[in-house]
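Read through the structures below before going on.
You will see subunit A twice below: alongside subunit B first, and alongside subunit C after that.
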Partner chain A sequence: MTQSGWVPVALSAMIEAGTSAGVVVDGAEIVVWRDISGKAHAWEDRCPHRGMKMSFGFVRGDHIACLYHGWEYDESGNCQYIPAHPDLEVPKSICISRYGVAETGGMIWAHVPLGSEAGAAPELAEAEGLRSLYVDASVAAVASALGSDVSGSMLTVSTADVALSIGVQPISDTQCALHVTVPMGTSVEEKNAVLDWCEALRRQVENSEAMA
Partner chain B sequence: MKIERVTFTFRGTLPVASFSEFAQHRAARLSVDLTSRSQSEAHAEMSVAGQADLVDAFEMAMSLGPQDCIVHDVIRVDDATEEGSKE
Partner chain C sequence: MILHNYDLYEDCYRVRLLASCTEQELELVNVDAFPGAEEKSETYLKLNPLGRLPILEDGDVILRDLAAILIYVAEKDAKARFIPTEAKARAAMFDWLGFACGDLSVATQARAVALLDAPGDGVALRAQARALFRVLDDHLTRQALSGQGYVAGDTATLADLALFPAFALSRDFNLDHDEFPALRLWARRMRTLPGFITMPGIPDYH
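Up next, the complex of A and B:
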């Protein structure tokens, strides 16, 4: 089932200023990038020129440039500069579609599907991103293994005496990403225990899927 | 800004619906005005007006065409160049 609403797409700490990354939500390819001032953006991951993934591109200040021919887009998604035609007044029709974007709970969120009206973003407590865990199993299979329900793209689990808030990103019917966050001030020992738990969870869920 | 007016005749294997849709999509993307003059499965004549570089880009895109089309020839007739504005 295709998700609608706010979906976590990355841990905030994983997207440094001036960098980009490609993510997938229910098959939709999204570039998540952070401009040099620290503002996060989530766009369709496709340059309108030749279809190259913008996540392969370069962040230049508050613009992102396509790897292929250097077409440069401002934070509104409008193309501002085409190196092969430096004198061209680039029309606003050459642009990239943007997702609603928010940052809360130590994660970057995108509002899907593309073009949907983005309501208020979830209000989550400040948290530290620990790791993003990519699992070859559906969201439902992960939730079942945890004996927990996904609510607002979040799972809450307690393990190793740490209350985890996990953002759930459906990638496809058979893949998902779990963005694992811990409360601020969690000790190194506790974090290591949570990381071990993450690996064990992935093995458990993927082995169950393989046996099914 | 200089606005160029050009008439293109494309010849080849050009299924009308897909070639027309492709032309309209590319024209909208490149912000050029497009008027279809005549069209069949073997040819399409179109008038285009816009910034010179974007009219060139339209020609390039149409010479590739959509997946089910094969463009063999492109005849370009430059009708006029004038000062103007085009968003």
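Up next, the complex of A and C:
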């Protein structure tokens, strides 16, 4: 089931300026990258030339370049430079589709599906990204293990006296990512306890999936 | 020092990377490992009866075990950069070096099955490698909490250098980097080490 709307795809802190990463939302492959100025982008993860994943590529200033033949795209997704034809004025038709993108609550969000009209992004309190936990189970299985409901792609849970705000990213029917954030000012001991909790949760959910 | 080398073997790259980061010359003797299986020829079996690469020769020293080779080269580093002297950090370094050279050999095997026609159950090996990457990602996530960017402290050690190739080459056996964010950041830091070099399969971004 493909949901429509804003979905968290990474912790803000894990995508450093000048880097890219591949993420998947309900089977759709998305490249999340941050340009040198710090602005986040979310695009279809596919180079129009030969289909290479753009997340394998590299960021150059405010462009991202494909790993395969080095085609470079500017921040609006238009191809600006083709190394094999350095003097060519690249036709405007060569471009990559972009997702609506936002940053809030310590996470980068993309608006799915591709091409959908992106309304206002959620406004979440400032929070510190602790870790992204990848779990081999559906969002529903995780939510039921936590006894909590997903609302606006978020789960809220309290553990070890810390109130967690967790962004939920469905990857497939059998996989999801939990972007775990903690309130600003959480101590290192508390964060370590939350990390224990994360690893235990992953074991618990995956073990019960394996039994099912 | 002479390294009997095959460019596409990640274990040979581990040695080349370390030598480069410690500014030591390696004389490379390239072995026709694939498809020639020259490391299993009469000549090579005399050097290493196990029929494997890499082999390191330095005068009358002949080493065939990956960890032994790496420790030897790291100890010959005039600036002693990669083996901590403080007991706890040193122990942690050896702990992760064992993980890299022992446990993570399943990643080496998974890649050899995918790329070099080696025998083995590629699906099972990939699943084992993925479980180990999770262990490493969990560890680096915790290290970051105490401001430590590397597996055994706040600077890169021999263990980091030994671990790096497995992750950097995992796409060769179809294991993507998406679900290991802490490993991604760490790998990026590793790329900035003075003397860092790549091998085929590890893109050079500059």
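Details
As a convention for this text, the second predicted complex is superposed on the first by the 212 of 212 C-alpha atoms of A that agree within 3 Å, B and C clash if a C-alpha of one lies under 4 Å from a C-alpha of the other, contacts with A are read in each partner's own complex, and residues count from 1 in each chain.
In the analysis below, contacts are C-beta pairs under 8 Å (C-beta built on N, C-alpha and C of every residue); 3 or more make two chains touch, one makes a residue touch a chain.
Just so it is clear, the model here is predicted, and its values are computed rather than measured.
Applying the stated contact rule after C-alpha superposition, one finds that A:A177 touches subunit C and leaves subunit B untouched.
By the touch criterion defined above, A:V188 lies against subunit C but remains apart from subunit B after alignment on the C-alpha atoms of chain A. By the touch criterion defined above, A:R131 lies against subunit C but remains apart from subunit B after alignment on the C-alpha atoms of chain A.
By the touch criterion stated above, A:P91 is placed in contact with subunit B alone, subunit C being left untouched.
Within the superposed three-chain arrangement, the count of touched residues of subunit A is higher for C, of the candidates subunit B and subunit C. Contacts of A:P48 after superposition: subunit B is touched, whereas subunit C is not reached.
Looking at the shared chain after the overlay, A:W197 reaches neither subunit B nor subunit C. Subunit C makes touch with subunit A in their complex at residues 138, 141-142, 145-146, 171, 176-179, 181-182, 184-185, 188, 203, 205.
For subunit B in complex with subunit A, the touching residues are 1, 28-31, 51, 53-54, 86-87. Touching subunit C in their complex are the following residues of subunit A: 10-11, 14, 16, 19, 21-24, 55-56, 58, 67, 131-132, 134, 177, 188, 191-192, 195, 199. Listing the residues of subunit A that touch subunit B in their complex gives 48, 85, 88-89, 91-94.
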